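Once you scroll down, you'll see the structures, which are given as structure tokens.
Common to both upcoming complexes is chain A, partnered first by chain B, then by chain C.
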Partner chain A sequence: MAELTVLQALGPLSPQLVLLLAALLVLGLDLAWGEKRRGWLPSVALLGLAGTIVATMSLWGRREVLFGGVFVVDPSAVFFQVIAVLATALVILMSIDYFEGRATYTGEFYSLLLVASLAITLMAGSTDLIMVYLSIELLSIVSYVLTGFMREDRRSNEAALKYFLYGAAASATMLYGMSLLYGITGSTNLEEMAAVLGADAGGSMSWVVLAAVMLLLVGFGFKVSAVPFHQWAPDVYEGAPTPFTAFLSVASKAGGFAVLLRFFLTALPDLSVNWVGLIAALSVMTMTVGNLMAIFQKNIKRMLAYSSIAQAGYILIGLVCWRHTLGAYGGGISGVLLYLLAYLFTNLGAFTVVIIVERATGSNEIADYAGLMRRNPWLAAALFVFFLSLVGIPPTAVFVGKLLIFSSAIRLGYYGLAIIGVVNGVISMYYYYGVMRQAFFLPPKEDTPIVASPPLAVALGVTLVMTLGFLVFAQPFIQLASWSTL
Partner chain B sequence: MIPLSWYVLVSAALFCIGLFGVLARRNAVAILMAVELMLNAVNVNLVAFWRYGEPQAMAGQVFALIVFTVAAAEAAVGLALFIAIYRSRDTVAVEEIDLMKG
Partner chain C sequence: MTYAVFILFTLMALCGGVLVVTQRNLVRAATALVLSLFGVAGLYVLLEAGFLAAVQVLVYIGAIAILIIFAIMLTRRMVQGDESGLNRQWGWALVSAVVMFALFCYVVVKAWPLALGAVSAPAVPADSTEALGLALLDWEQYVLPFEIASVLLLSAMVGAVVIAREKHDS
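And now, the complex of A and B:
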């Protein structure tokens, strides 16, 4: 891979540039247009995202190194860019009606959301500790603001405070690990670090490397909400504006996984320390705690928070199986990527239903889902499909991800992990069934039908079609994922 | 010249004091101050490793610069959030901010 000059680098960087311009444009137009035409801002943001997707498509399958190895464009980075942009577009569709009567300054929301999307696309390509830190921090700071976006809402405030305090401490801990790694290797570039660490494999420094890696895992684990760094998730998911909760659960998590994959597979591939064991332990804890805690939840956003924690646990199995690259669809790593994409559509779909119900009933309690089938049968059926997918029942989307990840685990002989994963899938059926029981078998508290407004209906339609037809529509992504062995 | 290990020890001590502060303090502003201590520990580490490693390569120093710039941005956002909380509840003591749990 030849290095590009700064001017030539603008081409591979075009998705980020378009996103940045779109964010600034939305902010500027919000100021210039004032109250009357604010309704157009989501459309402007969506146009910006469409431009970003076009720019991203031009990078399909390319591999470039930019700015002296600080940033790369490769299939996995492009894959995460697609995830970030798709998630942001769907979240914008979900937000349009959500903020009606809840918040006035919505222009800033869309602008900041685009910046969050930009941060994730940067995280996906960072190959230098400084860039990794900067992009994680960009996402974090924007996320704190967006979590507390409904300033008058006490829960939103509280969620932002908790997110901020956990996040600041986690990122400081991660930075301390980074400073140790820099001290050991004398470089912040992941490739150069790999060379130094590989030469020292099993040497005198390996215990410091292990300590540094554990410190780094605090920061990465916080972003993907892995147990034991998950405590923020339920409160933040409950208090944040629901569209942003949806964003956190899929896009922010995907960004965390992008960094996790990049760091471990670039800087530590030769097992100079036993990080696979660490990740496996993290995965088991995350799956089990997430699923067990979800059982007790009364609020659907909290339940989905714990469910999302559990999903992170399944995805971590894919990282454990990173060596497995057999088969047409690749192995562990492409499993992780496809799982994240499938999870994006499924979980955003579930959150769309949550928003539609929240707009009608003003509540997120699971008990208020009673009789959803009588109030809107389509909504109840859609929620059923999304929950089937979250459990991993064929032929839904997440099934594809689970199949890839669990089959990689079995091929590599991680039977224990695969069994724990499947058992956890069975546990998760219980709490999803709890919501389904309310929706299908209990009488409604009110008889007024629940109607989805047009943007929400579009979001619901897209996610539903993609969840059911993932294997049909996702072929190009499956191919892209199979190139993404890093 | 003072050996490198002294700097690393000071940094480790600073980091532990900061971490203790984060876990033990009850006031959100005090927790933020403790986080800043942890970040200072990082900066001491980075600059010391840079000075004792390859002073021609600027990575460590640049990293330290970026760390405290971002820390300032983070503190600005954090304090804004604290003010929003304080306006609605008249407190920033974390054990009293407990609408959501479980």
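And now, the complex of A and C:
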């Protein structure tokens, strides 16, 4: 009997088990194979990710509660697993040439990247504060190391230290909030917490819960890089190895949103505390500050950092509209999920272009994008498409996410939020145009053509096709997202 | 009697904490940290969490504080360090600390007693150490966090090696 439950529980956990095995395998093979065959490690990691996707497919549409309510598998958890695995696979493709001659321990990079992916899949299914905290911390600790992975590069070191110090402070603040919640409800389980808080008719606990929610938002906001917990992002994005910057901007952010959705919709669905107002305020600040600061950036990684902060602001509107579930594809939550998936392809595509240019020019300055069209017209055109998508122009990928989120906001009567979101979209055109102006209208500094190596070309192709054809290819995900009402 | 002991341990924890951040010499600050951690261990004993108190002494005082002192002694420049703990942002730090303190005071003093009637802490089991161990390995409770903690430690170890290992040219 006991063994049966063991097997029953391990089945839904198979994506995580495959990921962990792949991470350990890469670590072990790195040691066994030595210098000569190290080039095969990315392929091993990609194979592990393929296995994870197969395991994830078997969970499509299922709902399971595991380990007495510590962990669940449901459509939204599966959706975030897909995001984590896709992002990791693309980032591995982007890394293969990036580290050539720049870092010593590439085997450890892939292994730790797989662990980061594992942490995000765990964040998506955690329904107990202990598990939430452990999975966030697993992602954080691996991220600090990967940010500082280029040990010879001072900016990488500085970024890692800054990320670590901010992260430690954010974690400690979040733990304080968790301890308050445990103290007042007597449970770390989100469902049980919701039951106790729901039974609190007089609202006598609401002050404590409000304080706890504000403290928790420090930790969650840090992960999604929401203003005012965003200060780490530009420095870390600039200093980290570019493929890992790309990972932080899509996968780590998605993990933060997974925890945000899970926590608020499971533990506080009855709105005894006005967390929707808090999230709306956070959203407005994040959109506006992100877009305004992006205008002044000279370095493309810093610009994309602020752009990524602004995108988090748009996505937060979806959480504000979580109650809107009308229609097959409508609704705030499916909007958040699809936005994150669309943003994954678009932003990873933009970062692929950044890596290709960085390898050719050795620079991330926007001024060095001058004449990109003459040096490689395909690259310039691809960057143009990705920027169109980041602004939200139809029929690109992010347009779909923005449409769902803004229409939910309008249906629920949050006109102010929708208008601020649209105005911010217009502001963002300005700084994307700045890069496009360099790429298309200014003369190149050098005439040597820029060539993309095969793995980077594959990454670019996949992201470009998915960005342009999101509505065609994303049908199964749109369906999965429509089940993910939590 | 319990109250007097509580006051004693609280003073130890708080004074230790204040000394940690005000001492200019890092060795002294690290020693004050031991005092603060010991005070917290005492509070655990008062809360009938004997195992946690023992872990606090063994891990935090026995290992972490000693490790910090070793780290300071090995980086020689810091032993004689006489730098102020304040930087340009101390004013903002003070403001946010006061705001946080006021918030917590309000929550604990004003809001908490109202809620106490709703939930009462469960009784401490007779053998809390055994209960803790069983819960960590119970399939219906905390076995997943327990295992993930080991993944976390393994990744941290790999990361530490990657960051700290001396470069060797092959």
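Convention: the second predicted complex is superposed on the first by the 479 of 486 C-alpha atoms of A that agree within 3 Å, B and C clash if a C-alpha of one lies under 4 Å from a C-alpha of the other, contacts with A are read in each partner's own complex, and residues count from 1 in each chain.
Assume a contact is a pair of C-beta atoms (placed from the backbone, for glycine too) under 8 Å apart; a residue touches a chain by one contact, two chains touch by 3 or more.
This one's a predicted model, so the numbers in the text were calculated from it and none came from an experiment.
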{"item": "Partner chain in contact with A:135 - chain B first, chain C second, else both or neither", "value": "second"}
{"item": "Contacts of A:204 with chain B and chain C, given as first, second, both or neither", "value": "second"}
{"item": "Which of chain B and chain C A:27 touches, first, second, both or neither", "value": "second"}
{"item": "Which of chain B and chain C A:180 touches, first, second, both or neither", "value": "both"}
{"item": "Touching partner for A:148 - first (chain B), second (chain C), both, neither", "value": "both"}
{"item": "Shared chain A surface residues [contacts with chain B and with chain C]", "value": "130, 134, 137, 141, 144-145, 148, 151, 160, 180, 186"}
{"item": "Residue numbers on chain A that touch chain B, as the complex places them", "value": "129-130, 133-134, 137, 140-141, 144-145, 148, 151-152, 154-155, 157-162, 164-165, 168-169, 171-173, 175-176, 178-180, 182-183, 186-188, 234-235, 238-239, 296-297, 302"}
{"item": "Residues of chain B that touch chain A when the two form their complex", "value": "8, 11, 15, 18-19, 22, 28, 31-32, 35, 38-39, 41-42, 45-46, 48-49, 53-54, 57, 59-60, 62-63, 66-67, 70, 73-74, 77-78, 81-82, 84-85, 88-89, 94, 97, 99-102"}
{"item": "Chain A to chain C touching residues, read off their complex", "value": "2, 5-6, 9, 20, 27, 35, 66-68, 70-71, 104-105, 108, 111-112, 115, 118, 122, 128, 130-131, 134-135, 137-138, 141-142, 144-145, 148-149, 151, 160, 180, 184-186, 196, 199-200, 204-205, 207-208, 211"}
{"item": "Residues of chain C defined as touching chain A within the complex", "value": "103-104, 106-107, 110-112, 114-115, 118-122, 138-145, 148-149, 151-152, 155-156, 158-159, 161-163, 167, 170"}
